[in-house]
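In structure tokens below, several structures.
One chain, subunit A, appears in both complexes that follow, with subunit B as partner in the first and subunit C in the second.
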Partner chain A sequence: MTSASSSGDETSDPKPNPITKPPEDQLAALALSDTDSQANGVANESPRGNNHNEIENEEEVAALTNSAPSGSSEVVESSGGGGGGILRARSNSELEADGPESPSSSGYAGGRGSSSASSDGSGIDEIAAVSDVEVVDGVSDSQAPWVPGKRHVDEDDASISWRKRKKHFFILSNSGKPIYSRHGDEHKLAGFSATLQAIISFVENGGDRVKLVRAGKHQVVFLVKGPIYLVCISCTEEPYESLRMQLELIYGQMLLILTKSVNRCFEKNPKFDMTPLLGGTDIVFSSLIHSFSWNPATFLHAYTCLPLAYATRQAAGAILQDVADSGVLFAILMCKHKVISLVGAQKASLHPDDMLLLSNFVMASESFRTSESFSPICLPRYNAMAFLYAYVHFFDADTYLMLLTTSSEAFYHLKDCRIRIEMVLLKSSVLSEIQRSMLDGGMRVEELPLDPLPRSGSFSPHLNQHTLPTDSPDRFREPYDGVGGPAGLWHFVYRSIFLDQYVSSEFSAPINSARQQKRLYRAYQKLYASMHERGIGPHKTQFRRDENYVLLCWVTQDFELYAAFDPLADKALAIKTCNRVCQWVKDVENEIFLLGASPFSW
Partner chain B sequence: MGCSSSLPDRGSGRLVGPNVENGGAADAKNLRVKLVLLGDSGVGKSCIVLRFVRGQFDPTSKVTVGASFLSQTIALQDSTTVKFEIWDTAGQERYAALAPLYYRGAAVAVIVYDITSPESFNKAQYWVKELQKHGTPDIVLALVGNKADLHEKREVSVQDGMGYAEKNGMFFIETSAKTADNINLLFEEIAKRLPRPALSSSSSIQNP
Partner chain C sequence: MGLASASTATTGPEAMQLCIFDLRRGQNEGQELDKILFFYPADLPFSAQFSVIGLSEGLITFTRIFSPEAACEAIEADRHSHVFYEAEPDIWMVMVVEKSMEYEAKWRTDALRKVLKEVHSLFVMFHGSVRAMLDKDPGGVLARSHLYSFVMDYLGDFLVGKKLLMPSFRDSLKERGTVQMLTVGREAAIEVQSLVRVLESSAGNLPCHSLILFQDLLVSTTLSPDDTVNLFAYAVLRLTPHVLSSGASSWSYLRKGATANVSSSSILSDSGTVPEQYHGSHNNSSAGDNSSRVIRPLKLDKWSKGNDGFLATDIWGAEPSTGVSATPTVFLHQSEERMYLCAHQHKSLTLLFLIPVSSVLNGEQGLSTVKQQVLENVSLKLLKVEEKLSKGWGGENAYHVSGYRYLLVDGDRNVSRASPTGKVTTLSKESLLALSKLREEVDREKSRAQWDSPGHEKELEVSIRAKNNAWVIARVTRGKELYMVLEKANETLLYASDAVEKFSNRYCGGAFSLN
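Presenting the complex of A and B:
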């Protein structure tokens, strides 16, 4: 058994240029300069200009990121230690094709929440069925074929199908009792859980801590949180750091439901069975795990906003602020996983991970859509020990309001607040603007402007003003005539460091199947991990080319940009295009970001 | 249940808000009552409420989180109206310690079990005892055996349910949210059993 103490990524990551420059110079410099046009990288677009933020001289790394395994079938001999020979032969073709849900024990279906979305048995990673139409509208719609809830409850560690699942997550207690398993029935996995527990305690008895076990293509990642053990077994080639973060989020989701005071149950009774306490929440965990493959918030630790005209967002923010002043701790208005506006009471700040976990909890739990609710929830980053009380109300299928308070008696007050908010939102037609923004979508790479727009620039037709028609001569033209945006730009994600927000472009051809989107997110995630590698990171720039994409990453003190291009894209043009993307984001930041929100500090 | 440490103490939780004062509950002709549904998870509490409030039945109904709030007004033959403000609580174990928050101040508690599940009948008895100890004095208690349409799977006899209810001075009825059998009757019968405020008095049912 290997007890690896560091992540040790298999793929030899490229060495992004360690351009060591004083950080203050990066603040203003917003220019990636084109290596071709600026031989020494001295001439610069930035007034502060030296070449600190240039991308140049990077080694092009070919075919290093094999983020999604290609179809060959691999046979993995599990090494002796990795869980007692449980991991065997796998065929590699996305074997998470999930069968129909098993019905719950009672006819009224309390337990394994099935969703109102017609369950055609298509599973979490079986994405071939997504029609193009659904995908065009963006990330969120790629969830369409995903059926929430627990599947494969009939499986256990003896089932071949169970063994073939590409990614397992387990929660167990330090006495080896199963608490949660992504696939299969927890109770049938008692023996398997005991094995995992044995591995962990064996290493702990030696005064060490097991973090990662490799067995062929499989990684077994461990996370110990007091009496709770979390384990991921994956052959998805995601970096160790990413998988560990996913375990952290799963743990956070558990705390959101139960608080950390659940630990006391184990102090009283080490053999405490926690599964009943999590009754009915399978759907929350499976939805979170699903989001690991489509929601960049899960690795960026940032949230994203629904694009809205500045005045519209202001109007929403003003009424939320009004309510927050009346004793509400947090008032959050969201549309699916996107924030419309949020306000915190004085000195209270909300961590993006808490927002992710909270919105996942609310969206995954169907009962919130039925009627207004008042429920205890815990924000692990805010206070992991105590419950807050959440008033949740859906204005329509996608738009919902969450009012959080410390007072268990505040329901009627929060209900009144909601009525006031609803009136204002209707009057100022914020709700209809939200609907429109949902339909229109966000930034599209095809619309990347040639020249910087005036400050008031807009990117989307409904936000009026400076929209460039598709055939405008103003449009950015490059001698590249493939699909996607200029210079072969296919997609980008921009994360503002100060705002803790990111913006992601809409998916368009050729990244138009959910499978391709997932592959791209995995590539970004890998890029993120390599840029932030402990000890040697964070790095500033990375340019890598493989058979799927050219990936370009640029990290400054202000922002992080992740961009994907056609694998044949010209490097100099790609760099130039990244500069334009950054400029574009700056130009429309009023509409894509929530500005002036209460500062996030932790 | 162990993780109750951060939950409200019994007696402190009180979901009576500012709107009680101006809610008109004092009007003898227009009653307004707080009703709480309790019972094991999966017995059909939400289904009963949704059948009563919206006339709907969703066989793929969802696990309730915390508690949902709904209201419905019915008119009685004597031309009084009763507005039920209904707390549909989650049956999950982790919310059990939180129940006082929802039943405190309730004029009516509807305790639901599933006639195909003796376990849920035991759980119902637990709730009856809990309410007798900690509920509002003079609370109207109703015991409801739900899923009466599944008679071929019945494991709790009508006699058992009725006997237990009689012993504890409860109103008893069997319902089916699926077929709508007895759902409206349940709430009408509850309404008839509500203590009426004396016409001269302004005391509210919600604040006994």
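Presenting the complex of A and C:
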């Protein structure tokens, strides 16, 4: 939020910056807090310059105003804030020349996420019309970089380009004051914000509560949370339930930064302006919104683990447990959005949504990466009213440790804990195993075994210090490598219900481009919503065939399986293959899931 | 005042509201009332009416910011669903239904929109467009009085007891706005063909159209698809032997166990007077007298069969000179021509033929000659066709397929066929709810595909095994749709797919088969 200049006026305390103020002052303190002012600083400088290395794959595709319905001629635009987004558009398409980040091993290309670049609108987020932008043809499948942070700040509701954005998110107060807008400058959107407020209160005055408005391809989704109103306007094909859940997550992200006690400010002063409190956190929201188009955790309500040999994960878990016993509420070791290990103090359990929001907050805020930080955060599902304190330290670019405590004075203790953990991780070579796993990736549909593996089987040779050699005859190899797995299997997601965890296969051909990945993601999202229909769900099985895929879904008491096949796949073979996938996952669950140590099993 | 007061008194004003308004009217402050062309319940305070219309108008404007090509279609709120339909440019119909805690109050938005669409199409067929009426009488009295009688008469068919019941999830295996056809053998088809030919020729050189029904099923039509749907709907509502004998419309008959009871029909037939507002009390138009004579084509129990087999009604009044009842007229959608609607009935066979008003000299007298002439020419054929069709007719469960509950829709031809209502009622609530939800999903996919690539037809196959183990299935291919519930199916997906395949091969000419 370039306009929120609070950080410029506030002192940027040298780190570490343990906060010792009484809880009442936390809200006010937040604007002062280390991380925020850091993030703010970033935003106030040229975000693009600063985040060059952060560039991910995402599209911001603009179509020409009148003529192009979507698809004929586009320009890649991804202005990351600051004025002159349109001018930037050109430099951005040049920026693309850096080349798309190749799909990394993280399961979703490009770590913080891949998303797609594309032009023709189907399943793509950003179609905009900007008439005075140079039109670049044929960029359709190129992977325009995703740049974190604010977009299109020069726009407002009078701009045609703004109106044509595929997905808007707004946060406003019940007096109609804008708090956050994904696209455009909040201050210029005051009038629009007042309109949204008027709609909500008009219906409320009639004794009702508006949830959804449909118009053609568009859906307007409303969520009222006390004095905070959240609205999404989208012409993506996501179902209402998914969009509503995304608003819930955005609200959760806001609580993570401010806690629910922000409501009190509105009680005292209905005209309270919240924007300064969120100053500099634009980047956190935009990163979360970006994850709505690539991270299955946002609709599955489960987290995923980095694949690791059982012993390696055990070693990491043991040292975290050690630390947790010394008064740490949660100790979480993560690599990008994947969990390596996590441990909670007795009786404390961590909701997957909280983990998603926390890791998004940490990964999106540049300041956490530069040195160890101590920051007040709130876990909305754990306790929406209170702050916890998060000690965050990055061991390398992707791997980080989060230690959560209730004590605002625990910084030095947590620092000591971190040093102990780091030593153990280094000594037991856990960190290098993590690096290796990152490179090797996770389950690949091409490697789906023909027959059940022996009990101690391993899905991937690199993890496997004890069993199968790479060229094991057990390993299923289709003659047509490069077009997915057997029976036309392209991809799958398996969610373990008891563990609150999911595993998803690596993307392989033909789901190569970011655009195809996003389309598949959206198809899963729709399938999930359809299976979990309110009031009548969950259904048991679903088979769905359209132009793009055959999708199969199983929901049992223990797990949910979502699998995508070639649209011409044979039904009987597809079913058989799904059974094999389930067996495979069970065979290697020691390595792909965090078992036993789960705080949910208390 | 009939329906209005009766239902507001018993179910409260909120159970269902229906309004029709014109965005071009009442632009200035203080004149907002002028927008309203129809409101049910009519006795709802104006402030409450304004609130519905204000919200609707606000959201139409708001959604056009983002979606200029398609404004607001529906609002979902905690307690109500609002369904929008832009019947004519700037003339909107909005239905507000209350979501009660009861299980029954679950609708499919598209099914409700089709109710709005149907009443509007029928209105236009009899009275011409609302806009034309407003142009003719800018004060709005003409349009208001006609809309009031027409829509109230139409809504009367949804009265069950003292409650208006809109189509719910229980009607998921039905498709309003489509025609149900009788399947006839080859021989009978030839007979029908020759009947149609004789009919056409016996009208001399008048460009005449015909529509033939057997029971509540269509046998033949020479009208355009749109006109066929409208006339078919009207015939099934008011003209078929079943309606004439029971005094109930087919729709209320189809409702589970609800043969229109005495109370509802008497509520209806009493509703003669139009409330004050529709007489233009709030504007100073002098057209008041015009509205005193409003033709009510949907008024119940107004049709009867004469000795000559022609169906007669005094709805259209009588010719002052002769005292003979005036023959109904309708507008054809396609040619926009005014046609006389003549209906003849022989046992289960209903024959509708339409003759251009402009081509008949001497009004009723001339028409009467034409009618007699036609009857003379076709009466033998009529007997023969009726006999043939009766012989081949399998009764009301003729289209039941054992083990299946289905709906088959051919969107290109506006034709549908479904399991008999009596059989559908054996399905559990859970299955029907799951189907209703699935249909909602398919509706959305279809409309999405329309927006994304107009003309490109959606291909989709969905099979869901619901919590109660029933298979709920939707197939969309080349403009045809098949919906199915299999409750006693074996538990495998392959079994269910196989069942669909068999059905498709045997009853759909393989349209849904995967080869």
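Simple rule for what comes next: the second predicted complex is superposed on the first by the 436 of 602 C-alpha atoms of A that agree within 3 Å, B and C clash if a C-alpha of one lies under 4 Å from a C-alpha of the other, contacts with A are read in each partner's own complex, and residues count from 1 in each chain.
Note that a contact is a pair of C-beta atoms (placed from the backbone, for glycine too) under 8 Å apart; a residue touches a chain by one contact, two chains touch by 3 or more.
From a predicted model like this one, the values you see are computed outputs, not experimental measurements.
*Asks:* Just subunit B (first), just subunit C (second), both, or neither: which does A:Leu288 touch?
*Replies:* In the superposed model, A:Leu288 contacts neither subunit B nor subunit C.
*Asks:* Pick one for A:Glu372: touches subunit B only (first), subunit C only (second), both, or neither.
*Replies:* Once the two structures are laid over each other on A, A:Glu372 reaches subunit B alone.
*Asks:* Kindly classify A:Glu237 by the partners it touches after superposition: subunit B alone (first), subunit C alone (second), both, or neither?
*Replies:* Once the two structures are laid over each other on A, A:Glu237 reaches subunit C alone.
*Asks:* Name the contact category of A:Val213: first (subunit B only), second (subunit C only), both, or neither.
*Replies:* Second partner only, subunit C.
*Asks:* According to the stated criteria, A:Val588 is in contact with first (subunit B), second (subunit C), both, or neither; which is it?
*Replies:* In the superposed model, A:Val588 contacts neither subunit B nor subunit C.
*Asks:* Under the touch definition given earlier, write down the residues of subunit B that touch subunit A in their complex.
*Replies:* 1-3, 5-8, 12-20, 41-44, 46-47, 50, 58-70, 88, 90-95, 98, 101, 114, 116-117, 147, 150, 177
*Asks:* Name, in rising order, each residue of subunit A that touches subunit B in their complex.
*Replies:* 104-111, 113-116, 257-259, 261-262, 264-265, 268-269, 272, 276-281, 283, 361, 365-368, 370-376, 385-387, 390, 408-409, 411-413, 415-416
*Asks:* Spell out the residues on subunit A that touch subunit C in their complex, using ranges where they run on.
*Replies:* Residues of subunit A touching subunit C: 121-122, 157, 163-164, 195, 198-199, 202-203, 206-218, 220, 233, 235, 237, 240, 530, 533, 535-547, 571-572, 575.
*Asks:* Considering only the defined contacts, which subunit C positions touch subunit A in the complex?
*Replies:* 51, 54-55, 58-59, 62-67, 69-80, 109, 430, 433-434, 437-438, 441, 445, 447-448, 451-452, 458-467, 469, 493-494, 497
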